[in-house]
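Lettered A, B, C, D and E in written order, each chain numbered from 1.
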């Protein structure tokens, strides 16, 4: 089985380190993956706010493309697993899949639309998050076998964000998700137990409702800091962007200096697997984690 | 001669075993011939249809018709004999409940013809020749009876007065039936001339069946070492005995083979297959769905097992999805 | 003798066998709670779903039912300890037979509906009606008549003089 | 409303007054005849919200919402107002636009109401009926986004924000220029990126998908 | 077709009821009567406004006499409701009551359908089926079964205690089975009861003692019902007696063994104090436990676990009451009726992770608080939290695990009132500021609203809103080190964060997690949520679908002590009515085998759940014991040669019913 990689728009721009590290880690773990040809934007939250049915159509085009790419029409292979690393894309695709399954009229309308551009959607595609793939398909144990540099001595706050976890309970409990913490533990670092794991970072509010966005991120950063986190890991390009890029501004508003490295979880895994920093896109971060060099020295 | 009651024998769609069973009466046959006057028996004697047509209506005392009805000719003959006879007896499983030919009701006519004339491995038929109702050649025409879509029991075509069950009827039961008919005291219409109690009643292995048991799966007799003393069901070998009319002297059981149900159901039962299904499946050991399905899988052809002799005469008669023509 | 206008538009007819303790009570509860549902189901009350003889099911189809529904207590809740276990076993086999005989899966249904599940009576009924409407009529009585139509040709042939038949 | 979109001064951590004081004198009562009775049903249909009616006003949604502090009506009140037909108030409310789609409310609701979907439905309705406040960034972002994807098949974050700020308030550009520069230096922002290959197919797809309103949802 | 072989000429009277508008509004009753009139065998077909009324019944009786009817069909409501009414009316007119048949056109038709034409058609179909069916009805007699006057009461909580005492006082022998080492149930753990605030122990313990001392009550604690067989009037139950490792008749409850135990301090989870204190391997649940006997915990006792111990307890016991070789025992008892009063359990608050139960040590559930404020509790009535501090601010959250589709959807009914009570007690004992968070305040019943009002005036804060989260994450200085409750004050319309020291979860109640076990033993149905199902929600809330099995208290649904006691009394009275009648009449719906037709294939024998079918070795045929047969009909359906049939549900009757239902098709 080959996973189909659906990057989404963010991973090509602000989330570039995510894409780089994800591909590097999957390559290191020898997980076959192929980018979805000619994918389009998932529609995100904004499209849903303008026209829901068209938003479903937009997302369904990707699902249909994935089905045909994995030869569902040819040999009926039902194993179409789309890996969507961006939480927003992930949720939009899942929501589309579920709603189209549940509501007949919508499904009919969307499939009719897809047919006009020569595509068909069978509902066979399964949407996966890389966390889900690593945790359930690959398994922590086999990841552990690849670890070259255990991340000893750092305290990591896992930030799950909203849309990977909610509203559907998919692979992690909605109220207290644990997959990332178990992963962190396996990598040798110390997971931090904190109550804001799934509290919203504000999403696009940082750009539109500035004060609200800043305050939400301030809460997350200060609480992680208070509890002694060395870094926060995220699973979503927007969360990462919000938490990282506004830190200086938040510091200037509050008068408290906050410098918290915000990594993608794939970057952390990559470090433990001994992949060079450059390949993981760590040089693209705003805030450097001082101990990375030290880690590389170990082993 | 003329005082002796006139009797006719005729065969429709059947294997000929029933005719054989009459010959099997052996010395008994002579007794029969002594008592009756056989006026029509195409298998054994040279009579023509026109001979029967020439007879006066109801002039035959009894017509024994075996085989089920599949062609227009058989229908025609059945009607003819009905017209000429006082009593019509369905003789044997095929006439009674459809018999083995009745299993063809699972398939469409076209399916059967295609297989028999084109696809059967033993057939070479390059020109795809098929029987035709009428064939003309050199100005002459030859006709064949039409092959119907549905296999019918005799009573689905004409009114039947009595039934003699069995594939084939045992000499004993045939003789007893004849005696009853000749005795002049005719039983009520539509009676099956055999005991109205299930086979288990007379089964020599009756005592060996335990009171508490359940089925964990069914074994196939051909692959099993069968205990010749023990009830087949108790050995988890499927046996139709409990749902089948007795009177056959447990011949199959005596040959260490389970009952397959040729005597048909008792008079209180409408559908023999459904009844044995109900009885056997109720006692499966399985509690959940998957287990149940697993046990049921050990009966590979349920339709052919439960309805081996009774499909055409069962409630549903035929696969209802098949085309009408 | 009957109402002649009844056949104008076809509506599925479902014969239902409901056990006295659970499903029949549930149907009563649906009534008391005025839970409206499709009027296609005709209920026959039996004491236990274990009373339902497969012959009844086949007979109902033969007499013209488009669907047959058996309702019993949930497994483990049978008023007679394990009558429903017997039902489910027979049901599984009968379903195979019916399938072989060309009767679709959706036409024969077994549902566990407990005495408190009035709502489920509605969902099951409506769902079954919807599925049967999609399948269309089973109409066995008519089918039997149609099957036997071919025999009328014979009577025609018999009634004609011999020579004529040969040239038809 | 007192949202200040331009406030860049240092905010001290201070207790804001939580209950807003609207000092203008105006008629605050609504007659029943002014309510939109069909509103509830319409939104329920649009939002898969068959359960809207079972809301018991417990307030879990508001309490769990991370941004309810910024809303003029809490989500609970929005749900009730939708039910009662207060269409204008609801569609004029900032609440819809403040919602960040974090789905906390949907997950917690003890009555299983898909509140986030209700918010989406209200957003759609507000955009369709032209209700949202002028120069309010969030709905503008949504429509800019919509148009960009329609044109290119994908969106480009840099250009999206650029065009948003340009049409809303060019001053915002100034404020964010440093951030943009830093991103660009790290290779995380491009202003030009090609969209999908067959752009026309997106337009064709989207124009062929039209929901007919009279059709029942289920 | 007006006569059948066995039954002679059949003359049917058909009566269809309007039931006011209940049937008449949806079904064209006149049309139904008109169509049925023309069916073969129908002599008379009538409609009437209220068939079940006296004039309605008289009409039937007069018609029977005048037209010489011998079959009656009434189309009205459900047979479960009025079948008996009409059977009696039929009997009164001089024909056997089983010549009557009832058609359900109200619950099954008029109440659930909208389309008038379709509902009418359905009523006609159902009636036609009944008309065809009654041709095959036969005269039958009810069978009588005598009633064993002994009663089994399952569960020794307040309901079970009250029911047992009521029956014992009436002179009946009662077996009271309780699975814990002591009776008393949940109520024994409470301190004060709402709304009167009288002390639970003061009103309960005298009743417990009375149970212990009553000559008619055989108390079986630390015991469970293992198996039940038989039927109303003649039940047999097997009771499992778990070993206490104490000779019950020798032990006097001096408790010396507890002091002597090699464990100097308690080390194990104390069930009675819900874990707020620890107990030793040998213990007595609480000082007033009834019976006054100690119990050895086999999971904890070193002697029982490893087989080796200094056995200081044995040494100390001068009556030689300790017996480590005791084994489980099974006792069989015979009873005629059963009262099930197994109660409910409280909701496990760990299932709601966002309230932090089990995570933050100062989050308690209500039962723990009951023990905490109890003067005989682990702290002697001092409100001291697990961290040793006295709380200054307490939040009580209502509806935890109630009214929530993700946990339990029902209202647990007692939480509002007990939360108000706990607010009062906590405030009184600790002087803390108490906040109650409620969704709706439900205080129905005598004195309850007054009590709520009183507590409000005591200064307890009541905030309307469901709490979204209890967390220790502080946003402001004053929140540091506290538990923060996030809630929308829905009356004011703002979201608040309220820091408190202690959180009390007003957990709801739910059926016991193993309620199914008991339920299946006694054949009781349950509603969707798992509470035992009563025969009728209004008119028979204490009765079940199983004859002679009654339910009382929390196993039937959430209820407070007052209601539990009332229900227990009602159940006891019902059992007494049954016993004093001395016998019960049972439907003659038994199966029977026609000996001539039975082949003796034994297919039916293993199918009978009541072992009513046996094999007669003399004639080699199966036989059904009419007394044991309960009339399920499973054997009838399974008899491969149709030699078995069932009274009231014969094959002929059902075939004709099917035929009648579907006759419309062939016009």
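Quick notes on this structure:
Operating definition for what follows: a contact is a pair of C-beta atoms (placed from the backbone, for glycine too) under 8 Å apart; a residue touches a chain by one contact, two chains touch by 3 or more.
These figures come from a predicted structure and were not determined experimentally.
The minimum number of touch steps linking chain C to chain D comes to 2. The fewest steps needed to get from chain A to chain C, moving only between touching chains, is 2. Greatest centre-to-centre distance from chain E is found for B, with centres as Cα means. The chain with its C-alpha centre at the largest distance from the centre of chain A is B. Of the two chain pairs examined here, A-E and B-C, it is B-C that is joined by more C-beta pairs in contact. Separating the CA-averaged centres of chain A and chain D is a span of 23 Å. The distance from the centre of chain D to the centre of chain E, each centre being the mean of the chain's C-alpha atoms, comes to 50 Å.
Inter-chain centre distance (chain C to chain E, centres taken as mean C-alpha positions): 35 Å.
Averaging Cα coordinates per chain places chain B and chain E 56 Å apart. Chain B has residues 269-270, 275, 278, 282 in contact with two or more other chains. For chain C, residues that reach two or more other chains under the stated contact definition are 50, 53-54, 59, 86, 90.
Touching of two or more other chains is recorded for residues 69 of chain D. Chains touching one another, given as pairs, are A-D, A-E, B-C, B-E, C-E, D-E. By the touch criterion stated above, chain E contacts chain B in their complex at residues 596-603, 605-607, 614-615, 620, 634, 637-643, 651, 655. Contact residues of chain A toward chain D in the complex are 9-10, 12-17, 38-41, 43-54, 56-58, 61, 99, 103-106, 109-110, 112-114, 116-117, 162-163, 166-167, 174-175, 198-200, 202-205, 207-212, 216, 245-246, 252-255, 283-286. On chain E, the positions that touch chain D within their shared complex are 354, 399, 403-406, 439-440, 464-469, 476, 486-490, 492-495. Chain contact summary for the complex, chain C toward chain B: residues 50, 53-55, 57-59, 61-62, 75, 85-86, 88-90, 92-94, 96-97, 100-103, 138, 140, 143-144, 146-151, 153-155, 157-158, 165-168.
The residues of chain E lying in touch with chain A in their complex are 353-354, 471-473, 475.
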